[in-house]
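Consider the two complexes below, in which chain A is the common component and chain B and chain C are the respective partners.
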Partner chain A sequence: MITPRYHREIPQRYRLEGGKCTQCGEVHFPPRAVCRKCGGREMETVDLPRRGKVLTHTTIWIPPAQFESQKPYVVAVVELENGVRLTCMVADAPPDEVKIGTEVEIIFRKLQSDPRWEVLQYGYKAKVVG
Partner chain B sequence: MIGIVGYGSYVPRYRIKADDIANQWGADAESFKKGLLLEEKTVPGPDEDTITISVAAGRDALKRAGIDPKEIGSCYIGSESHPYAVKPSGTIVIEALGIGPEVHVADFEFACKAGTEAMYVAYSHVKSGEMKYALGIGADTSQGAPGDALEYTASAGGSAFIMGKEKVAAEILHTYSYTSDTPDFWRREGEFYPRHAGRFTGEPAYFEHVLSSARGILELSGLKPEDFRFAVFHMPNGKFPLRAGKALGFKKEQLEQGWVVNLMGNTYSGSSPTGLASCLDVAKPGDLMLITSFGSGAGSDSFILRATDRLPEIQGLAPKVRDQLADRRIHLDYGKYVAYRGKIRMNEI
Partner chain C sequence: MREVAIIGVGMTKFGELWDTPLRDLFATAAAECLEDAGVEREKVQSAYIGCMSGGLFVGQEHLASMLTDYAGLKGISATRVESACASGGAAFRAAWMEVASGMSDFVLAGGVEKMNDGADATYCLATAADQEYEVYNGVTFPGLYAMIANAHMEKYGTTPQMLAQVAVKNHANGALNPKAQFQMKITQDTVLGAVRVAEPLGLFDCSPVTDGAACVLLAPVEVAKKLGKPIVKVIGAGHATDTIALHDREDLAAIPAVGEAARRAYEMAGVGPDDIDVAEVHDCFTIAEIVCSEELGFFERGKAGQAALDGVTALDGAKPINTSGGLKSKGHPVGASGIAQICELTLQLTGRAGERQLKKKPRIALAQNMGGSGGSCTVHILEVEQ
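The block that comes next holds the complex of A and B.
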């Protein structure tokens, strides 16, 4: 990811900031300029809840080169407590620990560190709540 | 009253047993475990570093403090494993925690005592009236060369402390520092692993500074070892802090709660701060606590704290240190451990 894009996405990737339509109340993540529900163009920033449940998941056995050291790892679609859905890796989780309905918390982790001369990239992942 | 308003600790889920390191290098596991008083150590996941550990600990400190992150006027992170050579860890940590941008940020480095440095400067800012709240963090993903004695202990974790004048949960009564040029452990620019001067790191370095700092603060305060509920001394291994505590006149019961090294290893800048957090997890109002850090090079910082009536109200708001140490551990074999720690040379991507 190029540095300007990474910098622009810091609020959503670091702090889970979504956009709430001031007209109809629909919450978007990632934030959007135009509401997908009513077409409204005014959004306010909202912090999304950090707790949610796994809606569906898959295990990656053949990852892109930069994630090679982490395989196998789980990627899940998580539904947060307010109904917003996001896709992310599940950190520190052996594949058999993640099931549909597993409770998770959204945490802050390093997403990419290669190549080693580039900017480190951080963002959200899920963690199984024990 | 000035002191800790909120605190939080982070312990990674991965571990490696001392037996597995000893077996890899043909060493006598029992003699290492007996010599170091250590069973296993924490290992950071491949997506963890000082920054992610600081964010996790900082978030729990904010939960316990119950304050608006925007009220925090400074963020200091002490570590000897900052991910960037040039770019402060604190810049990323404040963004993730919702602090700033009106905030003073700096990274500190002083071997294993960088964490208490961060705490001391944060405390001093509040004491001077410069700001309402200040955040000090000690976190590390420390390195030990393969096969070196350090590899059995160098581990990962950290703790964060928000200092303030309001909502104080543990009042800081006294501080004291003791520093000299004692080259017992170092890492030159560009070197991957640190070097140490073997046994020289004991008497002239660790014990000279820890004992002098602890004796100094006891004299300053007029307090005696028996006045304290808990005492924490930097934990480069299991033996040193117990020997230091005994030499000062502390009893085993006063040292046990903060002695987390046997299950965690030496978290460098996070070591004595995490020992303190473990004591804060169970302390009762009025309890006195002593913490003395040690950083090679060399120096020690000491703090005397007293728990307030607010402490029991916030203890349960975030995970406790000993619960994290016991919680769902994943033990790695040596091969997975060196891969996670980046000790294997891979092809460039």
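The block that comes next holds the complex of A and C.
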């Protein structure tokens, strides 16, 4: 990934920061300039809850080149405790350990080390709880 | 608005066409289409061409100029249309609007994609998903549909055998289509035993990487009548969009843009799902044909998989789907697929579909073309005047 974009997205990737509309309270992840619910344009930064559950998942056997070394790996749609949803890998999980409804917590991990961009890329993954 | 008819169709063979460049794919389909229509190329006033990613697949943008030039149409109004895998359907919609509005009489709707030219197809296709919040985190395009499949299986009890039957059925149809990429029958065992791509989808649950182009020529119905052509009318057109990211949609076992585009098209046409005699449904993955068939109202939610197993959607079934072989067997040159669907339905409606011609000639047909994991969808309904 190109460096300016990577730098710009650090708050959400490193700290799971969302944007809360000061007008109607809708929470967005990633943060948005315009509220999807009321059209409001003022947002305040909020930390998202770290716990959630798996809504659906898959095990990727044929990944793009930058994830080749990690295959097979599990990817899931996770719903956080406040209803915000995101897509992420489930770290250190054998495929049969992740099911719909599995409780997870969001953790900070290295995601890619694509040599083309000469920058290590970090972000969030889920980890099965308990 | 004027009534619009499809007066000519043309498409290249679909497949790995290593010797044919992007520009000649389009030129060939356009020439075949004009020949089929019996209209001289000087008459064509405008073109809309669907192409998802000339930039990534072959490093070429500014396609409308190049493609129309190489098709012998230099100088006309030409626009390249992009809506991921629904680019063809979106191009068709734009061409239909230009004729319906009265602005032009002869408008070409085309689609093209050259996917086999050395680019990383998995990477290119993934740009139809959210690059920053899906793809960055490791999900692939098959991975998104695999997550839809798992949600559908959990909610409705859909099985891998039901998914497999979609591929078996579409390959059986494609075996009868001389332009299909894979003209071979397969069995359930082939699908279920294939190398895994993204659980629960294996290689034979996925449409292939394909080169190809397709074109149709549109004209007002009154002009088509003067030409003595069989009248295949566009009676309904629906287009809808949704969030690009799958995770932002409430029901992960549904693809709401399809249902919404269908609702709009049915309303315009004044027909419903039971009136559709034959359909081309966007089967980029086996699960997609199942979910889309439900969204189109052909089956209740959760029942389309069983319908496939029961043969309802087969060539001799009550609701034939993807008589061309679908994206699965005919091939899926992404920008061309939406137009190729219209080509197939026009052939079926005019009794020209060869070995795969439906025994009872259909009267009303539906084409559904979808972008990304369901971020965009077009539905077009066609009717032949008997």
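Operating definition for what follows: the second predicted complex is superposed on the first by the 128 of 130 C-alpha atoms of A that agree within 3 Å, B and C clash if a C-alpha of one lies under 4 Å from a C-alpha of the other, contacts with A are read in each partner's own complex, and residues count from 1 in each chain.
Rule of thumb we're sticking to: a residue touches a chain if its C-beta (ideal position, glycine included) is under 8 Å from a C-beta of that chain, and two chains touch if they have at least 3 such contacts.
No experiment lies behind these values; they were computed from the predicted model shown.
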item: Touched partner set for A:R15, first chain B, second chain C, both or neither; value: first
item: Touching partner for A:L120 - first (chain B), second (chain C), both, neither; value: first
item: Partner chain(s) touched by A:K110 [first = chain B, second = chain C, both, neither]; value: first
item: Which superposed partner A:W61 touches (first chain B, second chain C, both, neither); value: second
item: First (chain B), second (chain C), both or neither touched by A:Q70; value: both
item: Which of chain B and chain C A:V129 touches, first, second, both or neither; value: neither
item: Which partner reaches more residues of chain A (counting touched residues only), chain B or chain C; value: C
item: Partner chain in contact with A:C24 - chain B first, chain C second, else both or neither; value: neither
item: Touched partner set for A:V34, first chain B, second chain C, both or neither; value: neither
item: Common interface positions of chain A, toward chain B and toward chain C; value: 65, 70, 89, 111, 125
item: List of chain A residues in touch with chain C within their complex; value: 1, 5, 9, 30, 55-65, 67, 70, 73, 75-77, 85-89, 95, 100, 111-112, 121, 123-125
item: Interfacial residue positions of chain C with respect to chain A in the complex; value: 120, 122-123, 126, 132-140, 142-143, 146-151, 154, 195-201, 245-248, 252
item: Contacting residues of chain A [partner chain B, same complex]; value: 10, 14-15, 65-66, 68-70, 89, 91-92, 94, 107-111, 114-115, 120, 122, 125, 130
item: Chain A-facing residues of chain B, complex; value: 12-14, 45-49, 51-52, 55-56, 59, 83-84, 92, 95-96, 98, 327-328, 330, 339-340, 346, 348-349
